[in-house]
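Below are two complexes that have subunit A in common, paired first with subunit B and then with subunit C.
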Partner chain A sequence: MRLELRSLLADALLGLADDEMILAHRDSEWTGHAPILEEDIAFANIALDEMGHAGIWYRLVAELRGEDPDSYPDRLVFHRAPDEFRCIRMVELPKGDWAFTIVRQFLFDSAEVVRLQALQQSHHAPLAKAAAKIAVEERYHDRHLHAWVRRLGLGTEESHRRMQTALDQLWPDTVQLFEPPSHESELTAAGLFPAAEPMAAEWAEGAAATLADADLKIQRGTPGMNGGREKHTDHLELLLAEMQSVARLEPQASW
Partner chain B sequence: MSDTQWPRFEVFVQERPGRPHLHAGSVHAPDPEMALLNARDVFVRRPECASLWVAPSATVRGGTAEELPQLLAAARTEPGTSSIEYLVFAKVEERGTLTHVGEVHAAGPETALAAAQAAAGATRPLLALWVIPAERVERTLPEEAPSMFDPSRHKPFRDQAFYHIQTALRRLRRDPSAIGHRQSVESKR
Partner chain C sequence: MAGPISVERVWAELGEIVDPEIPVVSLVELGVIREVDVREDRVRVALRPTFAGCPALHVMRAQIGERLRALGAAEVEVEIVLDPPWSTDDIAPEARPKLAAFGLAPAPSPVIVLEEILTAPRACPRCGSVDTVLRNDFGPTPCRMIHYCRACLQPFEAMKPV
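So, the complex of A and B:
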């Protein structure tokens, strides 16, 4: 693979890795606080899965950049400044109430399912293989989230109201779920990374159907703030301050 | 105050195809599908699993060896009543657990229990016996196994000793100033 392409692909994958990592951290904030014990365990599992997926993407980034795949992921996660992260804004937002968490996780995971399907066709073999592995786990997440979206959407007046509020707040940010990576045409021409447009369309159709089943309405006409993965909310800085605090206390420690 | 708990479901795990389903414990859930998902997350994150069953605890009839005689005394054969299928779970060893041993057809739970006792308890004393209407058992489908169970097989399980936390803490207690400088808190990898 040409050096420029390696670099572009690494940048694209870094975005996916950061999405998973930051969302995993937000999800982990429910540990000990989820609505019931069983869901506490289930959601902690999901958080761990997302962190595992982040680890897989970070390793691929390391290999593409010629860095050590064992130590480079930790450097990326614990020793970058907020403006060096490439996550989408949706995953940075505070965990909110349970409805907000469920809606966000549903929107994100359902997009993941579509993207992972497409990534399995990548000509970069390690990427295609990783995507196949992660896709299996995401299918379970998707089922779990579908079940929750339906039950809360069709549940009580209060659960429906909270779900609708969460969806209204999150929907504008879904514009970032399939924002093309920089130099997309070069990546797609080389068969390395799937084109955003068809994935976005496939996801939107599926998500709309699930939301409609749960009696939730998409408020259209409120375009989100795009402008790439370089711009972040103020929440990211606070999140990182906590997430990175232990690692930065003793940077040389090995774990 | 009203009980806000969701109903309880009993969980049965099959570790490998062809092996019987074993009682693993119980979960709370609003409905059978969520019970199946909760059972997956609570009971089969690490060990192997080929299939999962859940059934509302309220549909279970049976009990321990001490409770069985009284339950069996309630059994009445009601002529003309159509019979349904019950799954039978028996515990035969002190260190064992309730294990799926087969099915009986019966008109009601007590008659099912009596038939199960007669069949399963014929050759050896039972420590516990359950019957559950087959139609109330929610089961995972074979094609769901890859996404439900396979990922956990590839995850390493590490108990706390793996991380050498205690060694590190002991060292810190001896020399609290160690945390401030570059002397690694932890050395083994």
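So, the complex of A and C:
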């Protein structure tokens, strides 16, 4: 693979890695606080899964950049400044109430299912194999989130109202779920990374159907904040300050 | 102690290392050892994670290195591989009764249609009753889920079919 393409692919994968890592952190904030014990267990696991998936993507980034796959991921996670992260803004937002958490996880994971399917066709074999591995695990997230969207959307007046409020708040940011990576045409022409537009269309159709089944309405119109993955909410800085605090106390420590 | 090691000796040693979280089955029985390659006194082991986020993976990696170095390997490389993804079908048949005796219901095999497998009753590892129900797709480790036995009136853990 040409050096320039390696670098572009690494940048695209860094975005996916950061999404998973930051969302994993938000999910982990429910540990000990979820509304019922079963969900405490479920979200601790979902957080762990997403962190594991982030780890896979970070290792691929390391290999593409010629870095050590064992130590580079920690450097990326614990020693970058907020403006060097490439996550989408949706995953940065505070965990909110349970409905917000469910809607965000549903929107994110349902997009992931579509993306992982397409990534399995990548000509970069390690990427295709990683996507196949992650897709197997994501089936359990998919089942879980579909059940919760229905349960709360069709539940009580209050649960429905909270779900609708969360969806109204999150929907504008879904525009980032399938934003094309930088120099997309070169990546797609080389068969390395799937084109965003067809994935976005497939996801939107599936997500709309699930939401409609749960009696939830998509309020179209208001577009999200402008700017790509370089632009963040203020929440990211606070999240990283907490997440990185221990590692930064002693950068040379071995864990 | 240093010197050439046979591939068979390495496999035998790996068969003695147990899963840190399921200490009744070995790494070989669990199906996570994909490949062993020996060049003189240098050993390369290809290790597949059960689940990507499994915290036991690091422990397994460290233990493999430690045990094989004790065997006389000058260099041990434990490479993490993802292909093909680990499946509960890769667990050795002789390990299944050991899992059940440990209180962990083995996964139905082969895993073809996930929804069918998950709606079929799993036998309770304690009393053997199939009057059981899936309670949670998630459990105390990434590879486990929680069922409930209506005969014993107790929850039980089961391997998550993948």
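The definition used in the following text is that the second predicted complex is superposed on the first by the 254 of 255 C-alpha atoms of A that agree within 3 Å, B and C clash if a C-alpha of one lies under 4 Å from a C-alpha of the other, contacts with A are read in each partner's own complex, and residues count from 1 in each chain.
By our rule, contacts are C-beta pairs under 8 Å (C-beta built on N, C-alpha and C of every residue); 3 or more make two chains touch, one makes a residue touch a chain.
Small disclaimer: the values here were computed from a predicted structure and weren't measured.
**Student:** Both complexes share subunit A, so when I overlay them there, do subunit B and subunit C fit or clash?
**Tutor:** Pair status: clash.
**Student:** Once chain A of both complexes is superposed, is A:Arg151 in touch with subunit B (first), subunit C (second), both, or neither?
**Tutor:** After superposition on chain A, A:Arg151 lies in contact with subunit B alone.
**Student:** For A:Leu3 in the superposed arrangement: first (subunit B), second (subunit C), both or neither?
**Tutor:** Once the two structures are laid over each other on A, A:Leu3 reaches no partner at all.
**Student:** With both complexes overlaid on chain A, does A:Lys129 touch subunit B (first), subunit C (second), both or neither?
**Tutor:** In the superposition, A:Lys129 contacts subunit C only.
**Student:** Regarding the shared-chain residue A:Ile36, is it in contact with subunit B (first), subunit C (second), both, or neither?
**Tutor:** In the superposition, A:Ile36 touches subunit B alone.
**Student:** Could you look at A:His53 and tell me whether it touches subunit B, subunit C, both or neither (first, second, both, neither)?
**Tutor:** The answer is second: A:His53 touches subunit C but not subunit B.
**Student:** Under the stated touch criterion, which partner chain does A:Leu249 make contact with: subunit B (first), subunit C (second), both, or neither?
**Tutor:** Only subunit B is touched by A:Leu249; subunit C is not.
**Student:** Check whether A:Ala81 is in contact with subunit B, with subunit C, with both or with neither, and answer first, second, both or neither.
**Tutor:** neither
**Student:** Choose the clashing stretch of subunit B with respect to subunit C from the list 21-29, 75-83 or 111-119.
**Tutor:** In the superposition, subunit C collides with subunit B along 21-29.
**Student:** Under the contact definition given at the top, report the residues of subunit A touching subunit B in one complex and subunit C in the other.
**Tutor:** After superposing on chain A, subunit A residues 38, 41-42, 45, 49, 52, 136-137, 139-140, 143-144 contact both subunit B and subunit C.
**Student:** Where on subunit C is subunit A touching in the complex?
**Tutor:** 49, 51-55, 80, 82-85, 87, 114, 135-140, 142, 146, 160, 162
**Student:** Write out the stretch or stretches of subunit B touching subunit A in their complex.
**Tutor:** Subunit B reaches subunit A through residues 6, 27-31, 33-34, 37-38, 40-42, 45, 146-148, 150-151, 155, 163, 179, 182, 184-189.
**Student:** In the complex formed with subunit B, which residues of subunit A make contact?
**Tutor:** Answer in residue numbers: 36-39, 41-42, 45, 49, 52, 136-137, 139-140, 143-144, 147, 151, 249-250, 252-255.
**Student:** How about subunit A: which of its residues touch subunit C in the complex?
**Tutor:** 38, 41-42, 44-46, 48-53, 55-56, 59, 129-130, 132-134, 136-137, 139-140, 143-144
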